[in-house]
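One structure is given below, encoded as structure tokens.
Per-chain residue numbering starts at 1, and chain names A, B, C and D are given in the order in which the chains are listed.
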Amino acid sequence: MSADAAVKYVTEIPEDEVKRVAEWINTEEYKEKNFARQALVINPPHACQPLGAELAAHGFEGTLPFVHGSQGCASYYRSTLNRHFREPAPAVSDSMTEDGAVFGGQNNLHEALENAYTMYKPKMMAIFTSCMPEIIGDDLTAFIKNAKNKECVPADFPLPFANTPSFNGSHIHGYDAMLLSILQTLTEGKQVEGRCTGKLNLIPGFDANTGNYREYKRILKEFGIPYTLLADISETFDSPLDGTYRTYPGGTSLDEAADSVNGKATLTLGPYATAKTFTWIKDNFSGKHVSLPIPFGVVKTDALLLKLSELFGKPVPESLKAERGRAVDAITDAHQYIHGKKFALYGDPDYLMGYVSFLLEVGARPYHILCSKGTKKVEKELQALLDSSQDGKDGKIYINKDLWHMRSLLMTDPVDAMIGDTHGKFAARDANIPLFRFGFPNFDRVNLHRYPLVGYQGVINMMTTICNKFIEVRDETCEERYFEMMR
Amino acid sequence: MSADAAVKYVTEIPEDEVKRVAEWINTEEYKEKNFARQALVINPPHACQPLGAELAAHGFEGTLPFVHGSQGCASYYRSTLNRHFREPAPAVSDSMTEDGAVFGGQNNLHEALENAYTMYKPKMMAIFTSCMPEIIGDDLTAFIKNAKNKECVPADFPLPFANTPSFNGSHIHGYDAMLLSILQTLTEGKQVEGRCTGKLNLIPGFDANTGNYREYKRILKEFGIPYTLLADISETFDSPLDGTYRTYPGGTSLDEAADSVNGKATLTLGPYATAKTFTWIKDNFSGKHVSLPIPFGVVKTDALLLKLSELFGKPVPESLKAERGRAVDAITDAHQYIHGKKFALYGDPDYLMGYVSFLLEVGARPYHILCSKGTKKVEKELQALLDSSQDGKDGKIYINKDLWHMRSLLMTDPVDAMIGDTHGKFAARDANIPLFRFGFPNFDRVNLHRYPLVGYQGVINMMTTICNKFIEVRDETCEERYFEMMR
Amino acid sequence: MSSEIKKVEGITKESTQEMIDKALEVYPEKAKKKRAPHLAPNDGVSACVKSNRKTVPGVMSARGCAYAGAKGVVWGPIRDMVHVSHGPVGCGWYSWGTRRNLMTGINGVNQFAMQFTSDFQEKDIVYGGDKKLKQLLVEAHELFPLAKGISVLSECPVGLIGDDINSVAKQSAKELDLPIIPCNCEGFRGVSQSLGHHISNDTIRDHIIGTREFAEPETPYDIALIGDYNIGGDVWSVKPLLEEIGLNVKAVWTGDGELEKIAATHKVKLNIIHCYRSMNYMCRVMEEKYGIPWLEFNFFGPTKIRESLRAIAGRFDDRIKENVERVIAKYDPLMQAVIDEYRPRLEGKKVMLYVGGLRPRHTVNAYADLGMVVVGSGYEFAHGDDYERTSVEMPEATVIYDDASEYELEEFVNTLRPDLVGSGIKEKYLFQKMGVPFRQMHSWDYSGPYHAYNGFPIFARDVDMAVNSPTWKLVKSPF
Amino acid sequence: MSSEIKKVEGITKESTQEMIDKALEVYPEKAKKKRAPHLAPNDGVSACVKSNRKTVPGVMSARGCAYAGAKGVVWGPIRDMVHVSHGPVGCGWYSWGTRRNLMTGINGVNQFAMQFTSDFQEKDIVYGGDKKLKQLLVEAHELFPLAKGISVLSECPVGLIGDDINSVAKQSAKELDLPIIPCNCEGFRGVSQSLGHHISNDTIRDHIIGTREFAEPETPYDIALIGDYNIGGDVWSVKPLLEEIGLNVKAVWTGDGELEKIAATHKVKLNIIHCYRSMNYMCRVMEEKYGIPWLEFNFFGPTKIRESLRAIAGRFDDRIKENVERVIAKYDPLMQAVIDEYRPRLEGKKVMLYVGGLRPRHTVNAYADLGMVVVGSGYEFAHGDDYERTSVEMPEATVIYDDASEYELEEFVNTLRPDLVGSGIKEKYLFQKMGVPFRQMHSWDYSGPYHAYNGFPIFARDVDMAVNSPTWKLVKSPF
């Protein structure tokens, strides 16, 4: 725009034109244009790697997440976790600025390590990178070695670090990278020939539902299986309010994590969010190595319990059998409220698999299934799930599409509800359907992360939430003559 | 109406007139007329005594509830429980008919006892009365003695019986009467000088939330306090679906119940629903006797834990302290969504006390508080609760009023939400406010009885349900420009 | 289809009798003797079981009482009356909103699906409740001025303490200038809901019928729809269909019903009746007293709808007959599409029914339309004439049960392993625990309508949903 | 009130310095030396702390970056533009809907509160993103034809890999005949959000201002509202008030803002500015270049609103002055009612603030209106001129902190035990765990508006809700 052109006046868009476009964006024609996009990404529901790295770091005892990069990045990650959990999320950064582009980030890193170590007295700092050092090519291995030589932190102080470039993958990959580095760092030299802790190493993967972690622990307790959760955020992000602020209220014990290399078995329940970690574990950890899908739904929970039973030679406890029966009871009692209902789904691969599996077993129809950061493998596994049921036959998978694509799908081929996270609320409102916030993040409902989605209890929770909402919609929208006592 | 009058034609009410009346019933004028009612009761939320008696009976091992009276009564009680729990509720009646009015119900009773005993193989039959025998004055004591003499059932077969006239009190009183008789019957002659079971007898009172029972058991397990629940419906009405129907899937063991007379302490948490039982226990049971309000909210749960700690000389477990902190955290995180909100409440006295207590501690305002079957004592205790807080100062208590009165209150002096049971849904719809179905019965939402309201977990459940609904209403009703990502 | 007797593979008179005998084994001798005549293999021609007898005490019957029949079935659905449950609080409370007889209008204004009760207390028992009744009638009239009348439905105590509601009603009716109908339907009367229907019919006869006339001119096509209670909106499916074939539905008994139209029903030309059990009495009365013919029909499933429409048309002129053929031609393909969708998923599936007084026979062919076969059927409160009508619908030698005990049903289901049980709320969760798909067939399980052409697709969908829900695959645990 | 320096009982220069010294003890020597000048007791006359310096690495600062300042504050609130977060997916994702700058219009049609990103992948880093940018601008224009323009907000990689967004923007603007504004606000630039504001202001100067004129005739009452971002609807409270006193608000910068109106702002007669920190630059530019005077004002709490209205009126004729007096007279009693309701519950309560660039001073008197005293205040990204303006608002010797670390805040709160902390989401749950009532003062904690007369009652209610919520009584366990 140049100021010396002829005078341009401020204009208003005519109401008719607004109306026309408002209708147009709901059309099939628009959908096609929308799906033809090559460069512009609109409302993608995934975040960048370092966010996941921070979540992993929070899962360890006394661990301070440490962002090597710009300080604004750290603030963004922290506030995302604050908003989702409504909990503190202490983390530091080394506040790289312009001069970092010239000199690299070593000085910032060293100064920050010393300061943070002194001020916040962590037992470990988990270092991960945001864009700047990734682009200028900081050599973290060397920097950290130098830091120890300079005694910024004691020589034996654990400083795992992960490259978590934001221009690659999503938060789940950052989670994976950080977890891997933490395990590598902590277990280094800890493998003892012949030693077996007798424990299960359970790896939930990127999972921002603290209730899920508690549910895993409860299940293992019922089984009587000793375990190490890698990594346990449940106390970190669901800590008591009792008048005392604790910087590190929870997390997996570092000693236990170090000893996990001598475990009896290692089980990942987030195969997509821990792919690299698990590959490394298979080569480096003692014991058996098992990968299972996240246990959403009865069938996947059964698979988990059967595997636990097999790995530890223990029968499935009666208490869990009874729970199973109660979950089946709950979904049977409620199945008529969900049967045949079409769902739009989006989220991280592990969660998506779980949604589809759960919905198919209660007679609902996964319909638009969108993964904004996925692979052929994700697509293939989702398709196999869909193919396993009559109710999956109309389901269509959209890999690397975003929520603006989803909006077009919802408007041109409507469904009854959507499962995702808070970011879907605009599309859901436009489509006038309920949005179930089972995914991450949840910025607009309280306490949902306290209710597990995994296991039989998760089955009851998901079914109850969904069915009661459908009933509620009916109660709220039906004509007076269809407003009834019973449903 | 007589047929030989002048021809009367079928008329239609003019639409204007319908509209006029529809508006009129929302007025202050109508409210006054409505509150002037002396004889007509409209939409009372309470049921009659035998329903409660049946619930109590279901809480004991192998126990068949037995209605002495008309068979239709039994069908009504059973279907009410079926609908609320979405579970079977096996019970028999002795099918008294017209000739009972002439000859009394002894023959029916005897025949039914023999048949039911033979067919359904119960360990106990808990007999309670509906209207007919109460009016004709059947002498149950004699009838039952005769039944044993006639060997309708074995001489040692427990046959507790309760007079539960429907024209007196409500379901909570029937619960009380039946529980009392069962305990009298089972404990007769079982008191042993010097014996102490070391156990707590916990009496929940009339409570149709199976989650509450499980929550009590979990709390006591955390404490390591041995207990006998009198009476435990949690397995009866939340039994697994596994392909096998069990007539008696749960209930308190009869032996344990018999031995409860030698308990270390007896604690009722439903003082209004167990008044007679508790009075009798104080005179007849060993150990200490304590009455506490139902533990809704943090403060009342604290009181329960403190009392348990005191009675059993055990410190409050760390796990429960942490839970307390998490509950306080959950309500603090969410308090802004409920603060200052006005509530209409109705229900049984014990639950009402609990609602008021919970709401006051989270900053909400109990406003219209209605007990359709209450006493001066209920009113006084509710008033004392209201007086304990600034937020209670506008609360008004309505004793022995019904939901048609409530409707007038809602329309003339609006509130933000109502807590009650399914029966309030019509008034809530007219007032356009959410109704939280914490009470009994729930005929139109699934699985709610699986979510405890008591204890710290109950605090989280109530808070989450209420606050998320308020947020949802805002999301669903706000103008587009106020529709936001965060809440 | 109902013209020839069907057979079911593996079911013979002997196999069924054996199953019955086994179920009877558990009873004490006296009870066994009482129950035996109520259970039989279908003989295809007659009422093969005894019925409408006192329930054997203690057997866990599903039956209700006369009050339930009066309030829940006949009176409750009349939308523009205040129905007072006279006596203690419970009966009205239990029957409040639990029968899904939907209504037009504004609740509490011109529609009264509420719980009105005199809420008897001890003192009302001791001193009698007539005074209270008188007072509450005044209050009801004042608070609900648009109510066209008030019914007073007696609960057990009223009849036992010697109250005279009839005289109170008469006096109050005069004072308030409002129809006030006393109905002596105390729960202890009779052996089931059935007497409640009969008493209520008689009360309509004595107090209502003939007290109004339609303001508009009569036509030859004026009919009344009898015995449809608008469960889940059934009437709203049936009435438009009857109108589509050219008939004027002047009154509905009693689903979404209106008092004055019921009162003027003696002016119609034909009564067509769906639920024979609950309202054949009044059809007979109107036939005798006013010469109105009546016709039974069945609007479940396209086969029976077709037959019934033609039978109805048979009572009218060619205009109606042509309309009927046109309507059938219009809906048949739509119904065929429903069948094409669901029949492949339901073919050969077995159903057991145990419901009230109509559906155990009326729905048999609707299942057949979907390729399903009913292998056992019975009623809570039917009479001999119901069983006569049932035997011709049911396959040969299948089990027929009257006032079955829960024990018997459990035994039969265990033996027959049906793919679907259609019964009531008291049975539902029992059979689901056994892993057997179930639909409530009193209340359409909170769905509906099931009647007529609008109902069949919903019925088919619901049956498929129950039978083929994947949740059943989860019942058996892998451990 | 701001004319005389307030005192707080128990707070002296010495006590505050002691508290500061104690907080500094934890730091290593070098860091301590860096942090010390950023913390001081208020001297009441000048900027007593150093500010706008690099954050000390590793101290847990609350600061954001230049991108955050550009996207979240200046650009994001302009409703009719597509704002592209150019670079990897994260920055746009984190700032998506998290700042509560509310907007009129239909999302995706004529209002674009969405997350537009070029979602850089490895290959974009290696080969550069300019081509992708060019393509996405075409796509954005095609899919959002009613967007009045597009801003391109650079994330860190863009500046580091040597992309030239300015030339892409220039070319595309021509090709698409659409304003496309490149903003080089990479997060590594500067020391905080603040530089992002400045860069964005400069970009407006270079690309927008002066490119439009208002179609309607000028009046002497034409003003622009600068530095109100419509958090929780603030603008919708402020604008009607300014109109009520007779002014024409021709443009809002930038809450619920419109590109073309911003572009025509050089035609107004006065700029009034609320958030001085983020937009004083453009006020100065417009003053220099177009001779438009500007005026700071404060619309928090009735005292400051009154002062500010009169100061604004001082720039206009008697008509406006009279309007202002009438408006004050109208609202004063309403505000007094709010004070009467809440002041008794809040009198003497202590507040600590730590927010962005405005509220740590602007809200001080709003608390005072409620009887509360602010005992500590500071900014994430303020400059010396902000602290100058703060010192006169804050009581004597109270602690002032710049770019405080979480550790320092924790120490100060532990020492001062305020009854309320007003800060951001990152601080909220920390202080709540300590049992200290808290309100988010960036986002109004999902409430609002807080500005002007409509805002004060909400502010008062929210403060009371936080401070007096009974939940705080539950924090201390009885066991």
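Simple rule for what comes next: contacts are C-beta pairs under 8 Å (C-beta built on N, C-alpha and C of every residue); 3 or more make two chains touch, one makes a residue touch a chain.
All values derive from a computational prediction rather than experimental measurement.
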Any chain that touches subunit D and subunit B: A
Selected pair, greater C-beta contact count between A-D and A-C: A-D
Rounded Å distance between subunit A and subunit C, as computed from the means of their C-alpha atoms: 53
Whole-Å gap between the CA centroids of subunit B and subunit C: 31
For subunit C paired with subunit D, centre-to-centre distance based on mean C-alpha positions, whole Å: 68
For subunit A, residues contacting two or more additional chains: 83, 86-87, 239, 241-242, 321, 324-325, 328-329, 332-333, 423, 426, 443, 483-487
Residues of subunit C touching at least two other chains: 96-98, 106-107, 429, 432-433, 475, 477
Graph class of chain-chain contacts, one of line, ring, star, complete, other: other
Interchain pairs in contact, sorted by label: A-B, A-C, A-D, B-C, B-D
Residues of subunit A that touch subunit D when the two form their complex: 1-3, 5, 7-11, 13, 17-18, 21-22, 25, 30, 33-34, 37-44, 46-48, 50-51, 66, 69-73, 75-80, 82-83, 86-98, 100-101, 108-109, 111-116, 118-120, 130-132, 135-136, 165-168, 170, 239, 241-246, 404, 407, 423, 426, 430, 443
Subunit D to subunit A touching residues, read off their complex: 26-28, 30-31, 54-68, 84, 87-91, 93-98, 106-110, 114-122, 124-125, 132-133, 135-136, 139-140, 142-143, 145-146, 155-157, 159-161, 173, 179, 187-191, 193, 207-208, 210-215, 258, 260-261, 263-264, 405-407, 410, 424-426, 428-435, 475-477
Touch list for subunit B against partner subunit A, complex: 83, 86-87, 238-242, 321-326, 328-330, 332-334, 337, 422-423, 425-426, 429, 443-448, 450-451, 460, 463-464, 467-468, 471-472, 475, 483-487
Contacting residues of subunit D [partner subunit B, same complex]: 96-98, 100, 102-107, 233, 429, 432-433, 443, 445-447, 461-462, 465-466, 469-475, 477-479
Subunit C partner contacts - residues on subunit A that touch it in the complex: 298-299, 302, 305-306, 309, 315-316, 321, 324-325, 328-329, 331-333, 335-336, 339-340, 360-363, 389, 391, 480-487
